[in-house]
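Next come two complexes, and both contain subunit A; in the first it sits with subunit B, in the second with subunit C.
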Partner chain A sequence: MPVKFLTADKLQIFIDRLLASSTVFSPSNQPGNVIRYTQANKPEDICIDYVNSDISPKELFFPQTEELFSFDQTDEGIDLRVQTGYKPKVIFGMRACDVKALLTLDPVFNSQWPDPHYAKNRNETIIICLACDKALSTCFCNTFGIDPVAPEGADLVLISYGSGYIIEECSYTGRELRELYQDLLTQEYVHLEKIKEEKRKQLSEQFVHHVSPSKAKETMDNNFELPYWDEISRKCLGCGICTYVCPTCHCFDIFDYAPEETTGSRCRCWDSCMYGDFTKMAGGHNPRPTKKERVRNRFMHKIKYHLDRYGIEGCVGCGRCIVKCPVNMDITSIITDLGEVK
Partner chain B sequence: MNQSFNSLTEELRSVAQELLREGKVNMFIGFGQGTLTARTTPLFISKPDAAAALTWSPFCSNNLAGYLLDYRETNETIGVLVKGCDSRSIIRLLQDNQFPRSRLVVIGIPCAGLLDSEKVTLELGPQTEIGDVTDEDDNFLVSTTTGQHRFAKKDYLLPKCLECIDSNPVICDHFTGKKINIGEVNERFVEIKSLEALSPQERSRYWDGYFQNCLRCYACRNVCPACNCRECIFDQAGPDWVSKRNNLSENTAFQIIRALHVAGRCVDCGECDRVCPVNIPLRHLNQKVLKDIDELFDAPMPGTDLEQQPVLGHYCADDPDEFK
Partner chain C sequence: MADSPLIPFIATITDIVDETSDVKTFQMVFDDPAVMEAFNNKPGQVAQLSVFGTGEATISITSSPTRNGILEFSVKNVGQLTTALHQLEIGSKVGIRGPYGNHFPYHSMQGKDLLFIGGGIGLAPLRSLIDFVLDASNRDQYGKVTILYGARSMDDLCFKRDLFERWCRLPDTEVLTTIDRPEDAWTGHVGFVPAYLEEINPTPENKIAITCGPPIMIKFVLQALEKMGYTDEQVITTLELKMKCGIGKCGRCNIGDKFVCVDGPVFSLDQIKAMPPEY
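== the complex of A and B ==
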């Protein structure tokens, strides 16, 4: 079948023109060899030679710190100002798991009662994906039926092939964008499905974890109390790494930042259910007083609660929490262990 | 010295089993097999038979001493496995009365260095299973499902291990294996000296690059045995010493306050540096403080001697400076 093809040397021109016409965010190499999505100002800022970013692009839609509005008390009363500095943007280089994570966040922030900040980011962002060529030993997106070479939710996908990339448009927006670059593309005749199938096969050989969350969910459905949570939570440090690198974790805290008391801003900040004070109530009561309740909550949320509430899984198998956990708390072994509970 | 880690593991298992069987400890904290190549995981066992799951290898990087803080308020007697560097944390915890000596059994193990699991995995491939490891002084010989691999210590050890000053625990009740001598190590504070030589602007640029990526996940604080405040100032609802807002200014304040708070209690176990998800070289921050302690107080590394008063934890009447 005919496909649109972009040769590797034309990719450079594609990126140059993209940078000249839009606000572009992409994976970049940060101090300490950390891959994180930042605004790209020049082509060298863009890193495409990466498997999975250290920090997920969730922060481009739901930033770690977001000013909701600012306030100022004047003689006439209180003056409220809502930040309106949104700019439409293009994300270049996302992976399938991270786009799926947005589909997981959408029902939380952008359905019946849309959150204006998230909705604005979500509705005015064009997503260009890079199909995966390599899997990390911690990748397990296959568990959740994610297709790493055909990302669901992308506008445009670049699939590496031969001396360049096959360009696949997945939305009306993607098509419009592709048409802008028509002059850079050639028409090639390839068996696209076969190419994708070959890539899937290569990737599936690299996946180390093969787990079945449905059995774990069944255990969770029937057991809230399990001695397992006491055992497994002992090693947890109660830090926020897993929740902060997770592309689907979305808990936040709202507070006023007002050093001058009458002038300041109301901010929304990431929070973590792993923190001891996360569910601490005024008066001191804490329904999740120990690590056991907190660890249980996180995994129940990933495997059960999100699915029950929204009909979509709360984990996308990006494996970041496995890579980064200082004590090797591994969600795939927890899924396996719970699946074996009789 | 050609010491096999499997034979040390066997010895460790029988020590732990014995302690649990005789009721000398209620809980033993050691290492178990991890879920990834070259990774181990902290293991908590309370039944003698479970000691068979214990393991010891150059991949046992966690400092387990910090877990004692989780058992401060219990009546349990805890057995904890420590390497040389970790054992300094035990001494500092005892000096600060953070854990009663009567409920603590320290199991020491000699350590010839820890291998960087990320580097080793890159070399071995992710699906390789690791069997026995042998210490060959300059290398570790690692037996795997894909054959034997030699890892030169100078290239594959964690940076802190190249400057190790305590290859044997400085405090312990049960010693596993034989004491070792790792010979010459690298000079300490080399990187600190080069950071000190930078202009303030250059130094600021160096740290800003890292601190702007700080996620404020508090893994550095939570893994740190020296961070043993019952309520951390960064968790206090008020006053708002450091705001929850993530930005360079607040992140820098957090990191600098933490480094100064653990001054005199940090024993350079390097855990903060190892766990940081955005690779901030936190050890450089703490090592600057350690270098100052070394130069200003002429005191040994904190946690080296149980009897020696902590540098910032005591005073003497004949102090050369006025107390102001």
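== the complex of A and C ==
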């Protein structure tokens, strides 16, 4: 079948023109060898030779800290001001797991009482994905039926092939974007499905974890109390890193920042269900008082609660929590262990 | 972004009643009458109160929607926001957003006798329904109203004006009060709420029991009601969990896959039993 093809030498021009016409965010190599999505100002800022970023691009849609409004209290009353500085942007180089994570967050922020902060970012962002060529030993997106070479939710996908990239458009926006770069593309005749199948095969050989969340969910459906949670939670330090690197965690705190008392900002920032005071009430009562309840809640949220509530799993198998956990808590072992509970 | 549900509307404190040494009832009115008109709260719902510079907290709306044009919140001084709120005066500006959550099933309660069982500040959310039911426009829709209420001491009894001067004087309405330990000036019942409930032993026939109070009181009240033959569908409670957003997004008030801020705070006992015991 005919496909649009971008040769490697034209990729540079593609990126130059993209940078000239849009606000572009992409994975970049930050000090300390951290791959993170930042605004790209020049082509060298963009890192395409990466497997997955250390920090997920969730922060481009749901920032770690964001002002909801500012307030100014005077004798006449209180004045609330809302910033409206949202700029349309293009994200270049997202992975399938991270786009799926957005589909996981969508029902949280967009259903009942829609969140305009998130919606604005979501609606005004064009997503260009890079199909995966390599998997990390911690990757397990296959567990959740995610296709790393055909990301669901992308506008445009670049699939590396031969001496360049096959460009696949996945939305009307993607098509409009592709048409802008029509002069850079050639038409090639390839068996696209076969190419994708070959890539899937290569990736599946690299996946270390092959687990079944449905069995673990079945155990969770039937058992809230399990000695297993006591055991597994003992080593947890409650540091919350799993929730900070997770592309689907959406918990937040709301607080006032007011160094001058009468003027200040109402902000929201990421929060973590792994912290002891997350559910602790002013009067002292805490429905999840120990690590056991908190660890259980996190994993049950990922595998069961989110799925039961929204019909979509709360984990995308990006493996970041496995990489970053200081005590080697591994969600894939937990899924396996729970699947074996009789 | 002015359409953000996280942005409160400005209101003014128009009255403050000292209920106990650490509970105050604040009457608030939105500065914009159109916002007041559109607020449209139902008995049992909650709102987020803002003290700008301190933050927000979820507080149940204690006034009945039948009291047009005002909102009341009874607040115990226990945390940062409530401390800041307690320092405010009549005329102070606050922020309110809401109303949030479901409400008491006041339609399906019609034709039934109602038994309210409250402890301490737990009477605050029940009061919105009590005053709704006792309002002249609704009173004939409901049977006998019994209010069983207890607190640690005489000082800790909230809504004394309602209990001893208003509700008890209304027809077909019974007010029963108790305090935990005897006091010289107290001539009423002494003992814990669940024990008093068992003493009175109200028949479950054609009755709905609605309870709210400290977790330990609720636990024993539920046991007592079960012993007296109340079915799970006849027992309603309202839960209090830490909340930040009030709109099902910030993630902290979940019990299993339910968010108390949008799926609750009102649950029947059969619904509670279907959830993990994490409240």
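Following the convention adopted for this analysis, the second predicted complex is superposed on the first by the 340 of 342 C-alpha atoms of A that agree within 3 Å, B and C clash if a C-alpha of one lies under 4 Å from a C-alpha of the other, contacts with A are read in each partner's own complex, and residues count from 1 in each chain.
To be clear about the criterion, contacts are C-beta pairs under 8 Å (C-beta built on N, C-alpha and C of every residue); 3 or more make two chains touch, one makes a residue touch a chain.
Note that the coordinates shown come from a computational prediction; the quantities given were computed from them, not determined experimentally.
Applying the stated clash criterion after superposition on subunit A shows that subunit B and subunit C can sit side by side. Shared-chain residue A:Ile241: touches subunit B; no touch with subunit C. In the overlay built on the shared chain, the residue A:Gln112 is in contact with subunit C alone; subunit B does not reach it. Of the two partner chains placed by the overlay, only subunit C lies in contact with A:Arg309; subunit B stays clear of it.
In the superposed pair of complexes, A:Ser163 makes contact with neither subunit B nor subunit C. Between the C-alpha centres of subunit B and subunit C, as seen from that of subunit A in the superposed arrangement, lies an angle of 90 degrees, given as a multiple of 10.
By the touch criterion stated above, A:Asp330 is placed in contact with subunit B alone, subunit C being left untouched. Once chain A of one complex is fitted onto chain A of the other, the partner contacts of A:Asp253 extend to both subunit B and subunit C. The superposed three-chain arrangement places the nearest Cα atoms of subunit B and subunit C 7 Å from each other.
Contacts of subunit A with subunit B, set against its contacts with subunit C after fitting on chain A, overlap at residues 253, 255. Of all the residues in subunit B, the ones that touch subunit A in their complex are 34-37, 39-44, 62, 67, 70, 121, 126-127, 209-210, 213, 215-219, 221-223, 235, 237, 243-247, 271, 274-275, 277-281.
Subunit A makes touch with subunit B in their complex at residues 30-34, 36, 54-55, 64-65, 136-138, 208, 231, 234-235, 237-241, 243-245, 253, 255, 257, 267, 269-270, 272, 275-277, 291, 322, 324, 326-330, 332-333. Across the complex, subunit A meets subunit C through its residues 68-69, 71, 73, 77-78, 80, 82-84, 108-109, 111-117, 120, 224, 250-256, 258, 261-262, 264, 266, 268, 271, 273, 278-283, 285, 287-288, 293, 297, 300-301, 304-306, 308-309. Subunit C contributes residues 1-8, 10, 31, 50, 52-57, 76, 78-82, 93, 95, 215, 240-242, 244-245, 247-257, 262, 276-279 to its touches with subunit A in the complex.
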